[in-house]
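Take a look at these structures.
Next, two complexes with subunit A in common: one pairs it with subunit B, the other with subunit C.
Let's look at the complex of A and B:
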């Protein structure tokens, strides 16, 4: 834990130093001429494809597609993980050998756009309308900064709430009418919670699917279900009545229907293994015998919280162009290859996510399991985290601050106000 | 009797993570969620399937090259530096020693970016000119993987601690017999610090074998990436970590280190005790 904190501190310092050196000027585009004769290479940083044989084979298909347009250009991929992405970006910028294409996540766009690490995609002819028309419209705010588009969604990592129909029936709840508001959810969860004679929770009624220090995304989801996004126009939107009420409600759930930070040893949603009758889940479930099995899948049903607005938490992989690239046009062509339906579907399959396209509900990955089908059909209710230009630093404080409230060490008002003060 | 019981319990506690790792490697993906020691069925095929997921043979080879390279440089450079600090009449030897001790306290993360810049700017490598500009230097190369992490201050300090415990009269006697300074170091003094060499060897091989952050930073191709980066494949998706494969791969990756320690443990323990170090 200390090592992680140290890494973050060191890399933040590194980022601050190196990003400061980033200029706003764009280099002349050397790939803007005839693609057939353009030469050189594109440096691509991408966490979307795992470095497995299968991942590399799928990535090669994208490269082959790109080479149909730019036959003489080569791709230099740098396969990274989200855990070490910031170190990779900061060292590449520091060395002056930045990437031409960077695939990052939701939450990365505004911080790096503000530091002029990413290029305004208008320079390659991409507009807000293009993103709205071709991808998930609800993800548009997540890829814009100062009304300019800095990223193009590839795949979406959506979350829903799942429940066991059999458990609902056993507890006298109607599986056809799952709870939607926070009050209903709490009442149902309390009914579903099982305790031993000493009052200790033996089966949580609701699984937050969050370890200690990781309640941030759950808070974002519940807050969004009140119609309150975490940030509005880049400004904090959580230090208000809705934010305090949401956090107080979460506090009333923790150690009441589930022990603080409870997870199983595989860190997978407890609903899948029937360790909890209801709780947060990801965006895909494997119903085969290698996964949770068809019988378990058949017992699951899904819903979204709606305290005034339906909210489905969405993360995802976003493609951007490096501000200092000399090959903007080629970089955009490569992103286009990444967003072809076949490539998109392969990325989604490799990551248990869904394609972030307008027609996501019809894609093979979305149709492959009931959970993906559900989240794909509800992508229009996407709620995302981030929006502040210093989000990557603030989110760490979010994690510890929310824990303090949930454990009763500080009040929700106090913590949310201090987090708002930290956000830029 | 009590001592034996305490030591047995201690040993079991130390062994339990390894046992857990191997047992998890043999479980099905659905079993890893719930707490059970023994798998319902033993999935030995997990080891084969994990190794088939990526070019792990390459990764093993790369880790071996890095470990041998780093250790060879460390043994050559650090023993000489340690001997010089301990036995040669160097002006400012104490200040130099203090400098090495201070270096021990600098976390690697702090020097990551500067080190990256240095490696990228090595002159006349990777297309760089004499001023270290225009190319990639040692990035994406064996040089970059091996040299920066070899010859760490800890090993110099460790070697110095051993040499300082040897009587200087031995060196004086060799000088009387006409042996040169390098001969004294190589033929007289160094053979007497074998436990130190083994300790440095084990520490450095283990450090090189387990390195993750630095190889990740300076490589972008799996032609030269080591084993630890290969294992990260199984935890790429944080919400769906492939525990049985990850544990199978980790168990295989740990095997050479366990064998190394078994063979070197006698000298290693001697070395640790003599230098006053704790593992």
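Let's look at the complex of A and C:
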């Protein structure tokens, strides 16, 4: 049945509420003239700035910088979280009042680019070369769809494996030679695991830093360490021998060296608080007395998994321009303000991440703590999730499917096979 | 409506006829007045109904029609969509997430509704006594109802915490090992049901309490005088008097349990795996995480049918008549 006839039917039934976004392409750019006289407002959806006074103050600095070029334009920020981001985007599209600038994450680009929610940045003069020259080159595929660039990396959420040197020494392990392969990691974790008389794990030997339903990124990391990216050219690349072996190895670790889904109440890596001697960590650690303290920091060391290829999981915040914006030039100028070194560094600090610039290793945030220094130096080994245009749909099935394997409800082959079918 | 009013009018005004020569004329005048008043009343009735009708149209009828319509499209928030007929419904039949959500929701309702109704009735019977401190207990039982579900779920997350939770602390006092309340696929749904039962007690209890306090004292005293024991008084006097309250509690409980979402979202997000996936959570995930509004609308249609079926069965079981 033809769409137009149904559109009329739908509208006549008063369904404009949900179908208002169907149809027309963007109108002419109204901010393309003289920036000094351009008026109106930019709607910005951004998860990068927390709703604290500090977050708002840093965001205001970006707005002030933008207003130097567009003095008569105002910014309407919508400070979202990654949890409610899709609701915000979908409802804004449905209501026909889409955002001008959208900051999303890795994995969002291809699905929304395919849905024509994001604008090809070439339309504002940004090329693949610009992105690879000025930002972390390894993130280029994550912002690309059909060889076009739809996002500009702001900050990178890089992950590594940390361990306590003191715990290694206590367990008879050499802190100078941390495990790197999955087999070595499992052997070390089993040595480090502590149990009570009944055999219950009292101190996990390895912390996955994953709650129930959140093992997806860990799987991506371990899989990438075998030289197997999750997706290749937008096609699933996990339904293979490496995928099955990786998932079965994870299953052999769960409830062996750590209880399924174990997290502390703060949901912080257990290594920071010495609740575990080894485990996954984020992109920055606060070594001040407000954080974990210098003594704890000095006890930490970091490494990357290497089962044939070093792998550092990288997520991050990526800025895009809404496809239906009437202010694309102003939107790009706002993104440029977001990527100024001072703003970039502040974003990274606020989120315990690192700037996604080419020179990230030299930034204040990367130099401020040993973990950021380590992950910044290893960004060339970036492994990330997503790549399929239906990733947002597949992602939730990934979460539940991996859980089912780890809990012995389904086999790795069965789950990965069904996820691959869903990803096509 | 006006016909009925016209027919009813003569019997009400009949006493005036036959007492004067102008009786027929007077009757006619009164009928005209009555008809005129009736029309005014009808207009006033519609006027008073308008806000409710507008509300129902905007917030119930239009979304329901929209859901029905969207359920037959592949609308996914992008500009393009096509009519897919019943394809979404066919796909749902093979969707493991949906099937698990469907079964979990039905099981959740079948367990939570009768248990919470039974417990609430028992508590209401207990709180209907004239004892000291009753106001405190009534308030205490009602507090979970007025507390935000997110707050309730957060507290219960701590209670169920495998490491430092109150539940495992209490179990260890009796020599039991730590239980994976929310991290075991077998224990997670029953753990959520327990919270659901606890949270819903207050609202049901208050309704039962009000109904119990409305039971005729004369009837209870008469039964006492006739030598009925407590059980007989409850069975033959109080229980029949509770029927309208039972019906109301049943319907609201069925609708409430089928719409369980926030509790599951905060406590398990449907996990581990999909062991606590429920219909509303699955609809939310498909609509806003998977961005498939058409598909999610098809789920919504099925959920509406399911709730309707449960309400019909509930009415039959309770022997409710049309007026209820």
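Here, the second predicted complex is superposed on the first by the 397 of 424 C-alpha atoms of A that agree within 3 Å, B and C clash if a C-alpha of one lies under 4 Å from a C-alpha of the other, contacts with A are read in each partner's own complex, and residues count from 1 in each chain.
By our rule, a contact is a pair of C-beta atoms (placed from the backbone, for glycine too) under 8 Å apart; a residue touches a chain by one contact, two chains touch by 3 or more.
From a predicted model like this one, the values you see are computed outputs, not experimental measurements.
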Which superposed partner A:262 touches (first subunit B, second subunit C, both, neither): second
First (subunit B), second (subunit C), both or neither touched by A:409: second
Which superposed partner A:47 touches (first subunit B, second subunit C, both, neither): first
First (subunit B), second (subunit C), both or neither touched by A:60: neither
Touching partner for A:90 - first (subunit B), second (subunit C), both, neither: both
First, second, both or neither for A:116, with subunit B first and subunit C second: second
Which superposed partner A:397 touches (first subunit B, second subunit C, both, neither): second
First, second, both or neither for A:198, with subunit B first and subunit C second: second
Residues of subunit A contacting subunit B in one complex and subunit C in the other: 3, 6, 9-10, 14, 17-18, 87, 90, 94, 264-265
Contact footprint of subunit B on subunit A as seen in their complex: 3, 6-7, 9-11, 14, 17-18, 47, 50-55, 76-84, 87-88, 90-91, 94-95, 97, 157, 264-268, 272-273, 275, 282, 290-293, 351-352
Subunit A residues touching subunit C - in the complex, by the definition given at the top: 1, 3, 6, 9-10, 13-15, 17-19, 21-23, 86-87, 89-90, 93-94, 111, 115-117, 198, 200, 212-213, 259-262, 264-265, 392-393, 395-397, 399-401, 403-404, 407, 409
Of subunit C, residues touching subunit A in the complex: 62, 65-66, 69-70, 73, 75-83, 97, 158, 161-164, 177-178, 180, 182-185, 268-274, 277, 285-293
Touch list for subunit B against partner subunit A, complex: 28-30, 32-35, 52-55, 107, 109-110, 112-113, 116-117, 120, 136, 139, 213, 216-217, 220, 222, 225, 229-230, 232-233, 235-241, 243
